[in-house]
Amino acid sequence: MERLPLVTTSPQIHAPGSTRRVMGWVLAALVPAAVWSIVLFGWRAALVITASVAAAVITEGLLNLAFKRENTLNDLSAVVTGVLIGFNMPPEVPVFIPVVASVFAIAVVKWSFGGLGSNWMNPALAGRVFVFFSWGTDMTRWTLPGIGGADAVSGPTPLGSVKLALSDLSAGIDGPMRLLESAGMPTTYLDLFLGRIPGSLGEMSALLLIIGGLLLIILKIVNWEIPVAYIGSFALFMWAFDGMQYGGGIFSGDVLFHLFTGGLMLGALFMATDMVTSPLTLKGRIIFGLGCGLFTFVIRRFGNLPEGVSLAIIFMNILVSLIDRFMKPTRYGVVS
Amino acid sequence: MKGLFKGLLKENPIFVLALGLCPALAVSTTVNNALGMSAATLIVLIGSNLVISSLRKHIPDDIHIPAYIVIIAAFVTLVDMTMQAYFPALSKSLGIFIPLIVVNCIILGRAEAFASKNTIGASVIDAIAMGVGFTVGLTAIALVREVLGAGTITIFPDGGVIRIPGLADKPALVFAFPAGALIVVGFLQAFFRWLGEVTNK
Amino acid sequence: MTYIGIIITYVFVSNLVLSQFLGLCPFIGVSKNTESAVGMGFAVTFVMSLATLITWALQHFILVPLNIVFLQTVTFILVIASLVQLVEMVVRKYSPPLYQALGIYLPLITTNCGVLGIALISVNESYGPMESFIAGLSAGIGFLIALLFMSGIRERLDTEKVPKHLKGTPIAFISGGLMALAFMAFDRALLTNLIGG
Amino acid sequence: MNKFKTFTRGGIHPPEGKGSTSNKPIRNAPLPAVAVVPFSQHIGAPAKPLVEPGDHVEEGQLIGEPAGFVSASVHSPIPGTVKEIKNLYLPSGIKTTAAVIELDGEFSRLGKPILTRDWSVMAKDEILDILKQHGVVGQGGATFPSHVKFSVPKGRTCEVFLVNAAECEPYLSADHRVMLEHTEDIVEGIRIIKKLLDPERIVIGVEVNKPDAIEKLKAAGAADGIEVMPLKVKYPQGAEKNLIEAILDREVPSGKLPIEVGVINANVGTLVSVCEAVRDDKPVIERVVTIAGGAIAQPGNIRARVGSSIQDLIEECGGLAEEPEKFVSGGPLMGFTFIDLDSPVTKGTSGILALTKKEVQSFAATACLSCGRCVKACPMGLVPTTIFKNIEHERLDDATAFGLDDCVLCGACAYVCPSHIPLISAFKAARGRKRRLAAMNKG
Amino acid sequence: MKEMANKALRLGIIGAVAALLLAVVNNFTEPVIAERMTRELTEALTVLAAGGTPGAVETEPAPGVPQRWPIKGGKGWILELTGTGYGGPMTIVASYDTGGTVMVARLMGNNETVGFGKKAEDSSYMKIFVGTGGNRPVPRTKADLGADADTVAGATVTFSGITDALRAGSELVQEWEGR
């Protein structure tokens, strides 16, 4: 007797796709940036990323085992969280920090809410912020990248050094690039674009991140609304108001400098777009993106912490449920 | 005797009844602060339960809330003044959370639910039970937060500090802040729920 | 501090719930759905702004001149309790719809330590009458915002697969913790630069 | 840029899969040796059987009469003897009684000249009665009895009569072929309905993937002032609420019928039946069925008698080329799976699909990622994932508040879901549970 | 009416008793508290005076210096200084010898960021300034610190705020001492 045909409820056909496929493409899109970080910082970069991935995967596996839940490692989401945490670490970070960040991300931020899909805050970012406030000094020790291993010199990131120099700004400096020059850092936009400046492992090259991000957008793995609204509004705010602290007028900010530094591309393309923790509707996503842009600007421009991307996104994560509540699509035939 | 232990697990004010949370979180950065706060709360609890249950026949129903509040506030102020005078360091680190014992829901709650209806003896025992439960809860939170957030266990501020090797040099600072406090309370609540279930079996 | 400074301080930087540990009971207790969160938030804001103003007057015209500051706690809490009663009566009499909306939350406010807390903080910071009022108002708004955010998250969590023992208040606390983590972005440094620069 | 009209919310574009059948003329299926005729082929009360085992029936003889206001007549598709009245399950899961008729005797209609009546002299009630007597039901899928549908309730007027020729379900091309081969019957059917409803406008909505049909209908309907409106290809254009929005920009209020906004609509197949019933005095005993899917050797459109076994139709199309993953009655998005190939064709059977594993793409469900694709796909502006999660947590009231009852079960959400969450299955189950709860509360 | 009066009376009695009780206790504790506070101040100043005896307080001797205390016998000065950190004003208390060299320094009030400027509250942080100001200048930037640089890593603005204040203090002391 041949096998019986399936009995299912409609619809009888489905579009191809699965969580595993989504996560797999995200990983693929992150590979170039990962390779580049290893090229720039050597084996330490590989160690940090591996450690955070291993910690994330082991934590998820153990929790599944301990609480007798079905195995969820196959969906690759823990690997993505691990890689993103690794990407957010400075190169010389003590290895226990990314490990703690991964454990916190998986166990507290994701698992305690019910696992993948149930968490409301981006686990990788929450993990990063947790260790950032816990071990601030270790999380802000940077090295100047060099092909085949990092330069021994440690210094602040471009944004950090600009913050620093701004506190004692002398006349005649018309923008962050000039400040970089005085801090002895590479000074062309191309250097920023390709990642020849100090920074977290994964945020080095804006170019590679944009390529990966575009790939995901073209494949419709992630939506375009959030990156466009985020980068657009952030650029606008920076252009409009950032020039003022250098004595310039309105609309004199150095947009390119801010776009290519401080993990903005990593945040806008790979973290803010996390489906689980971003709104469901198009309108909602645009509002979410605008909010991320605004808060990144506020934190970067006025805060003590130079980067601001992580905090802006997790702050907007808080609002996602409310955005979803108020930005529901208009229902057919229902007059409000 | 049974009444005395109910506050520990089954009716633990912090973990099961979710009462008195604000001071529990605010002052639980070190173990000794937690113990100081617990002592203050215990004294106020006993005092107010004692007075309220002995006056219970003389306080008409529709003025009972203001009357209780005055009694509780008086005890709180007493404790506050005494602490300022004789335990200045503790008083300084507990700050406005000493006067805020007034609005700690445990105290008014027990006054209304228990002391206003029971004899003096029973009320005092109830106060002790709740106070001990509060102490256990608060100390548990403080222990976790101090160990993780500072890498130490402070029993007396001068000399009684245990340093945990490794952690003391690089503690996870976040646990000393509201974020860490709330997370610790969440997990401890879940843990106590589980413990309650296991011990009931 | 300027009025703007006070507003930003108590709405974001020193948010009662997320960085001062005040008003946690209602934060957990009344945040199960958005409607009641907003109702409670407004009721608290209203009482807080009035209470800080009245306790300021009490402190400056009675307690200090008569040298009976030791009665501060007793008198403040009495003032707040009677204020809540009064507000409840007035609202019930003159605005039944408002009473419908806020009525059930009013009695809970007496034991909201945020109200007494902000009154004591205002006195400690030696604010003037207007500053006290604004501090009370913005502390209330900060409370409202935290409560609203929390209710949004909890409504979502109602339909998620939260593990059994963490359901309800524990997961609400953990959510609150993560919220507080995000609010660490708004430190005093940011405030200083925002209104100073 | 094409500027064809379509509905505004949601919608999906699954692979059309119509190419293998839409260009092939309708073939006649061989007459069945045994016809299994269910008494419940429509929405509403099952027809009341008029025959008993042993009875001899003529071709087109009434064998079941309407048992209530919303009910329809059933006729014998072939001449023969009633062998038994048995219970069976239709592919849609409906349990019904059916007459098993064994072919025997002479065909009274087949091959005979068609009698044409002058219906223009008939009264409206007379026409409605003919529809009732001849068992005309909606053939788009809902199988709503036509004599009920075309009776305008008191106090309402029908401004627009919409002809639903969207045929948005993938694979199906029966309506497309009918439009090409029965153009005149359709127009005649419209004329009859025009007399009944007296609408201000008559619009035929056709998706632009059927250009030949659009041309033919335009030419045939021009004299009667019938508008043919090309529509952008998008599923579920053929769902009546979405079609009304697409063509007229009107929205039927939640929980109401299209007449609320002055619209009555009908499927093209129904119009052919209306025409045949009124003009030719022919009851509904056959229909055009698309036989398609990757597993069918020679897919095509077949005119089959009601009651023919599906097995026979598949044989007629060359049998199975490979082992199918699923058999589906209807379109792939709203149709039902079935196992029993002896199931009969009914008035509502628009297609029989034998789908391969590759076409089906079914996976085990994983956790919802809140990607929002279901929200983007929903033609009713709902948030399917939220409704689903509320059902999952037994919050039926909340699910209802989020629009559970507005869902048209088109399946667009479940089709696009990358986590393969059984959204439609949950919605159907929840509505069933709600009905049972309501019944319990009443009783 | 009578009932109302009865209730008011009862409430009044409770209030009066409570107030009376508190007044009595306050009577005992108030002097203790006052005495303790003076003692604490003296103790703190004694520590700052580094072996000397602090003298009477003077307010606003110079802009940016809210208070100063001379160390008896002309041994130097204790200054309360204000610096600007990332979170706004910080209060620093430091004692100088007559040459303007920092003897003891403490960071009192500040609003610096957790994990960054906040760690300046540790006593080890402030130790790096002791001995600077006179013959050795107060460090201007972190680079001047050499091996100690790691102690202050990550919080440059706080660091500059403190050094600026200490340097200004040192200069004032040298000015007062007529150097």
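Every chain is named by a letter (A, B, C, D and E) in the order it is written, and numbering of its residues begins at 1.
Following the convention adopted for this analysis, a contact is a pair of C-beta atoms (placed from the backbone, for glycine too) under 8 Å apart; a residue touches a chain by one contact, two chains touch by 3 or more.
These numbers come from a predicted model, not from an experiment.
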item: Number of steps on the shortest touching-chain route linking chain D and chain E; value: 2
item: Contact-graph distance - origin chain A, target chain B; value: 1
item: Between C-D and C-E, the pair joined by more C-beta contacts; value: C-E
item: Farthest chain (mean CA position) relative to chain A; value: D
item: Chain of greatest Cα-centre distance to chain B; value: D
item: Innermost chain, taking as reference the mean of every protein Cα atom displayed; value: A
item: Chain centre separation (chain A, chain D; CA means) in Å; value: 49
item: Interchain centroid distance [CA atoms averaged], chain A/chain E, Å; value: 42
item: Centroid spacing, where centroids are CA-atom means, of chain B and chain D in whole angstrom; value: 69
item: Between chain C and chain B, distance of the C-alpha-averaged centres to the nearest whole Å; value: 21
item: Residues of chain B touching at least two other chains; value: 66, 70, 73-74, 77, 81, 173-174, 177, 179, 183, 186-187
item: Chain E residues counted as touching two or more neighbouring chains; value: 15, 18, 22, 25-26, 30, 86-87, 112-115, 117
item: Chain D residues counted as touching two or more neighbouring chains; value: 367, 386
item: Contact footprint of chain A on chain D as seen in their complex; value: 9, 12, 14, 170, 241-242, 245, 251-254, 256, 323-328, 332-339, 353, 355, 359-363, 366-372, 375-376, 378-383, 385-386, 403, 406, 409, 411-412, 414-420, 422, 424-425, 428
item: Parts of chain B lying in touch with chain A, wherever the complex brings them together; value: 170-175, 177, 179, 183, 186-187
item: Chain B-touching residues of chain E, taken from the complex the two chains share; value: 6-7, 10-11, 14-15, 18, 21-22, 25-26, 28-30, 32-33, 36, 40, 114-115
item: Contact set on chain B toward chain E in their complex; value: 55, 58-60, 62-63, 66-67, 70-71, 73-74, 77-78, 81-82, 84-86, 88, 173, 177
item: Complex interface listing, chain A residues touching chain D; value: 2-19, 21-22, 72, 75, 115-118, 223, 275-282, 285, 324, 328-335
